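Each of the two complexes below includes chain A, the first together with chain B, the second together with chain C.
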Partner chain A sequence: MSGDERPDGGQVGVVDEELGLLDRFVELKQRQWFLLTGSALVLLVLPFLMIDGLSVLSELLTGTDDFAGYAGLPSLVLVFAIVVIGFDLLLGYTRLLSFGHAAFFGAAAYGAAIFSEQVVASPLAMVVVGGLVGTLLALPIGVLSIRRSGVYFAVLTLTFAQMLFFWARSPGAWLTRGSNGFIPDAELTILGYRPDTPLTEALLVPLPETVFGTVTVEYVLVAVFALLAILMAYRIVNSPYGLVLEAVGQNQQRVNFVGLNVFRYKLMAFVISGAFAAVGGALFAIHEIAVGGGVYPDSLYWIQSGDFVIMTVLGGVGSIAGPVIGAFVFEYIANVINGASTVLFTGPLQPVLGEFTLNFTPIWRLVLGGVFVLVVAFFPDGVRGALASLARRLSDRFGERRREPATADGGDD
Partner chain B sequence: MASGADPGDADAGAGPEAAGDALLTTDNLTKEFDGLVAVDGVDLAVERGETRAVIGPNGAGKSTLINLITGLLEPTEGAVRFDGRDITGLAPHEIVQRGVSKSFQTASIFPTMTVRENVKIAAFAAEQGSFRLNFLRGRDAYPAVEELTREMLEAVDLLGDAEAEARNLPYGDKRRLEIAIALAADPDLLFMDEPTAGMSPEETRSTVDLVERLQEEMGLTIVLVEHDMEVIFRVADRIVVLNRGEIIADGTPEAVQDDPAVQEAYLGGVEL
Partner chain C sequence: MSVTALQVTSIIVNGLQQGAIFALLGIGLTIVLGTMKFLNLAHGALYLIGAYVGMFFAVNRRLSGGTLSDMGFQAIGLSATPVTIGGVRFNANILLAMVAVVVVAFVVGALMERFIARPFYDRPETAQLLVTFGLALVVEQLARAIIGPTTFQAYGPVLDSATVAGQFSLWRLIIIAIAVAVIAITYFIIEYTDFGLVVQAGTIDSEMVRLLGIPITRSYTLVFGLGAVLAAFAGLIGGTFQTVSPTIGTTQALIPAFLVIVVGGAGSVVGAIVGGMALGMVFAVMQQSFLTQWANIVLFGSVAVVLLVRPGGLFGSVEVAE
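Up next is the complex of A and B:
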């Protein structure tokens, strides 16, 4: 309104503003498509990279293929990626540290598994039912825990999850089959295919066997949900709602004093984050059942909750890529390095390590802890932050001339 | 007096007492902390469009009074009425939604967000109410919010720094940003807690100009707690003096200055 009084600066300012707004809108749309197609491409070649790619790398470095991924690993990574993408909405944006997300993960896994045996062994229905069970559980736990903040909040969520764990182990054994685990007597099929059917067999369109031979139908199912999770998180983070969550993380009192109901924002962040954990939990059940396994009380245990925290912080909080990277690094150490039970270094590393023999199985948590400490001590933004600073350094060195005008902006970040 | 929540009773009480158009009234507002009376039976009437200063020695109960009105504390006794409605005991965000905004003593902002985003959060709250689960559209896709944000940034002269990270602003600009946040919440009444504290003389001058402009251009009613007498005499229409939780004087700056009780409180009993 006072812009009219200043014909020189005011008018120009208004035009600039509207252009900027339109630009930002177009940019957002473009970024979203870029994100979607980019993620889809990465997810499509991930099994190839994790199995064949790591096998080549492992052979090169150690002379053995002990450090290669195995067939089930890519979908396991994505299952946990879905959980921690949601976990980071709570930890990285809203700055609420929950120590009880195993409750939603485990409850959803049990819900899906029990449903598959009692009702129908349809993976899609299992995701819906498990997802609902976990999400509905997040609501009352959230209502009771959000009233407190900091350590009290963390301990309250931990307590609820532990109560559920103890219940599942014995008093609830009539439903969960206790420590024996719930191994459903059910044959899963995804659109008529066994979960481990290679995609190349299931599709009418022939795909190159060398690259897509390790993509299974189960992996495709998990990858579709991972893609949805990434898209959903992206929408949330870039929406007005996400803006408020970020604000709550930085200054709750001010959010209150602009007239926003902080409690409800925090509660919904908790429930949404619980929903991601629940969908991940249901997919975890599908993943386990597909290989003849089942769901155990461990998925409700506090160590499971702690692992979500480690994955998120390891990958880097406050982003979407960070948790995905964290899930990858964590699961790689937990399954591959752990599985490389006795390694004899005979490759190019031999001059450095000698004829070195090491059994990783009893010490994989030590390896994980060491990696975690190193990353967090030197890169507060986690592996994602480390990769980003590496990329920035490389582009500074090689792209200096080309990106001259942008340097000032980029340097500030 | 504890039955001040009865609307009929409170209306009758406010009628003859506040001859003008009172926007905010407190009725026997009292707050006790473990037997210590911090605010003691305060009857205050702030008229629409005026700038009212609240002064008093340290510990006089100024902050407690404001916290009672803005909902941060619940009164032990008494009632607060805003725009004809009882707002006693409402949560802070509900009171803000009814049109009472506040800037804090320390610049209360969102440090790692941009200046524009800082204001935009308040603009969303003003446009969309206290809670909305809206994540289908981008945060930049609401023209009314963008417009309000731009207006507020322009009002405090921060449009040029809109994309800067808030924590990198100089102190005076941070305070101005906070005022923009408070304004974007679309208040009728703005509380300012020591708006010039810690400012350089230059920053103080521009803040005083800003306060005057807000009142004239936006028709805001302003209540400010302030220690700087020069600032008070420039902007305040009336001054309320608190001492030991009680109002000891209420009037024009000149009248208050000459009041013996005020001089006693400042120079006699309590050392400032």
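Up next is the complex of A and C:
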């Protein structure tokens, strides 16, 4: 850091510490490499796990295919994972609760969709344009909202997003086509392939069909951006910059006393997180347009912002894995459990209670809300935190069991 | 474009009516926020409960979709009982509905304080926002699952659509009168009773109130119950001239209520009244002008401007805001 250099050119700091820093740097590099390859591998087998893996599990548990993932689910999960990773940088580290991230998500989705029809239907260009639109929007909204904190910050972000929503719905209909949605008249191709082409067809290198048969070209595009998002979030969180963001979240007065500009750090966190939401929004537009859909004002609505909050908190704030888990749980409930129905009391209870078919379609948001309330009340660290503490407890248990005979022997002596 | 006196009066009547509902919602939210420092995003859910409970006590409604209709209930609710007072036919059930809403809302509010809010008093602001946000979602979805996604038409208890001076719906004027009366009673309770004194003191320093030996926990339950009653009452009134559906809790209640306290200042009853009326007027003016489609945008925009120019709202102290 330049701050360590004295005006006379000398260096402040002890040699030992510098060595420590170097070690730390090397270690971080290694861990980053590990994270990158690990995430890439997980992303590559994710469609297989979500579609075929869950199908097997669903068959085992219910005897039906109802609870298996479907072809579009993996991309959708990753699209929202990108948004939520960014949202967590703001909520989990800087501790700013925004209820207006739909603004950046939706604006980017609209930007990408309009660009695809008016200029060129290239997904890569759409991500760039959409990302820019959303990020540029995050700057003024951030400048205004960050002047206030707590609820007032939340309400300000909400009001800006709502203004945009109402604008897109009717006064801005000349651009957004209002409530009918913007369904672009465009045929998307990614490097010459249709988005739903299986990767095994697109690649010259033969891949085993059983595992990679469900990986589409669209999924690869989304996965590449997801990998970039994970890497960027990791770099930010583990940099001195990220430490300052975390410090702002813990005690902004102290950060101020240290002489750092709290406003600027908060603004940057807001804009970075807005950029993640924007890239996610553009990819969402691509995902929808690829299946003949489009962008609707609902993607700017506050419910959409609320969904980001739910995903982040469900997964667990203050980590990178948490948001990805949260996005998966949310989208799984919203898209798979939503369409499922199950017959209750099939066993010995049936003569007593009668046959009752539980249809999840009208109540999926109820299920989601219930899960959410329980998570907030009992697992402040979300699903990731619950899993981690379960793993810890299990290892403690087995660890103790291994030690137990030893202590018992000791007692006998 | 000339504006006639009649148009102006009509805007004022609509503004007062909308403003009265906003004010009722805002007062409920602001006393809970002021006294307990608790942010209740489930406030709109209480409005929803009030609207549904009131509706089923006042009129009989056909159901479709939802568990109740699946179980064979095709219609629920009391049938209207027409009574003629001064030549105008009223649905007398509305009085019963008012009593029922007050009782139900108070019980729900008290239970919410005890089981949802109390464990979260010492948790960070964000956790409070999140748990009540989830609760709002659960209540809304419960209504949708049990009663169905139907959008029920408004049920004015004044039958034959009687008007005053040939222009203004009689029920609208009655609504304004009732709401003003309820607001006045609440204001009196907060300003001039011992209970109100405890609430006010609690807003300033709840620790000190506790140290003085006043059982503030009991007051908390009462305050929460009172807030719930006000929100549910607003829901009852709202349901008589606006449609009732599962989404009204957030769209027509929660967001306006938050805007009201943000404009009026957190914890200030007078602020909530003035803020509610002001927002109601802004909304009415926008809706009846040639800028109808900009109404919501201007409403949210004016809130943003107030927040940026006067951080603590019009009547709040900056201390509460930060």
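The definition used in the following text is that the second predicted complex is superposed on the first by the 357 of 413 C-alpha atoms of A that agree within 3 Å, B and C clash if a C-alpha of one lies under 4 Å from a C-alpha of the other, contacts with A are read in each partner's own complex, and residues count from 1 in each chain.
Here is the rule we use: a residue touches a chain if its C-beta (ideal position, glycine included) is under 8 Å from a C-beta of that chain, and two chains touch if they have at least 3 such contacts.
The shown structure was predicted, so the numbers you read here are calculated from the model rather than taken from an experiment.
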Which of chain B and chain C A:A285 touches, first, second, both or neither: neither
Partner chain(s) touched by A:A247 [first = chain B, second = chain C, both, neither]: first
Partner chain(s) touched by A:A102 [first = chain B, second = chain C, both, neither]: neither
First (chain B), second (chain C), both or neither touched by A:R264: first
First, second, both or neither for A:G150, with chain B first and chain C second: second
Touched partner set for A:V313, first chain B, second chain C, both or neither: second
Touched partner set for A:V255, first chain B, second chain C, both or neither: first
First (chain B), second (chain C), both or neither touched by A:L46: neither
Of chain B, residues touching chain A in the complex: 70, 91-94, 96-97, 101-102, 104, 108-113, 117, 120-122, 124-126, 128, 130-143, 145-146, 150-151, 154-155, 159, 178, 181-182, 184-185, 217
Sites on chain C touched by chain A in the complex: 39, 65-66, 119, 125-127, 129-131, 133-135, 137-138, 140-142, 144-145, 149, 250, 255, 258-259, 262, 266, 293-294, 296-297, 300-301, 303-304, 307-308, 311, 321-322
Sites on chain A touched by chain B in the complex: 1-3, 13, 17, 21, 24-25, 28, 235-236, 238-244, 246-247, 250-251, 253-262, 264-265, 268
Complex contacts: residues of chain A adjacent to chain C: 91, 95, 97, 144, 147-152, 154-156, 158-160, 162-163, 166-167, 170-171, 302-303, 306, 309-310, 313, 362-363, 365-366, 368-370, 372-373, 376-377, 380
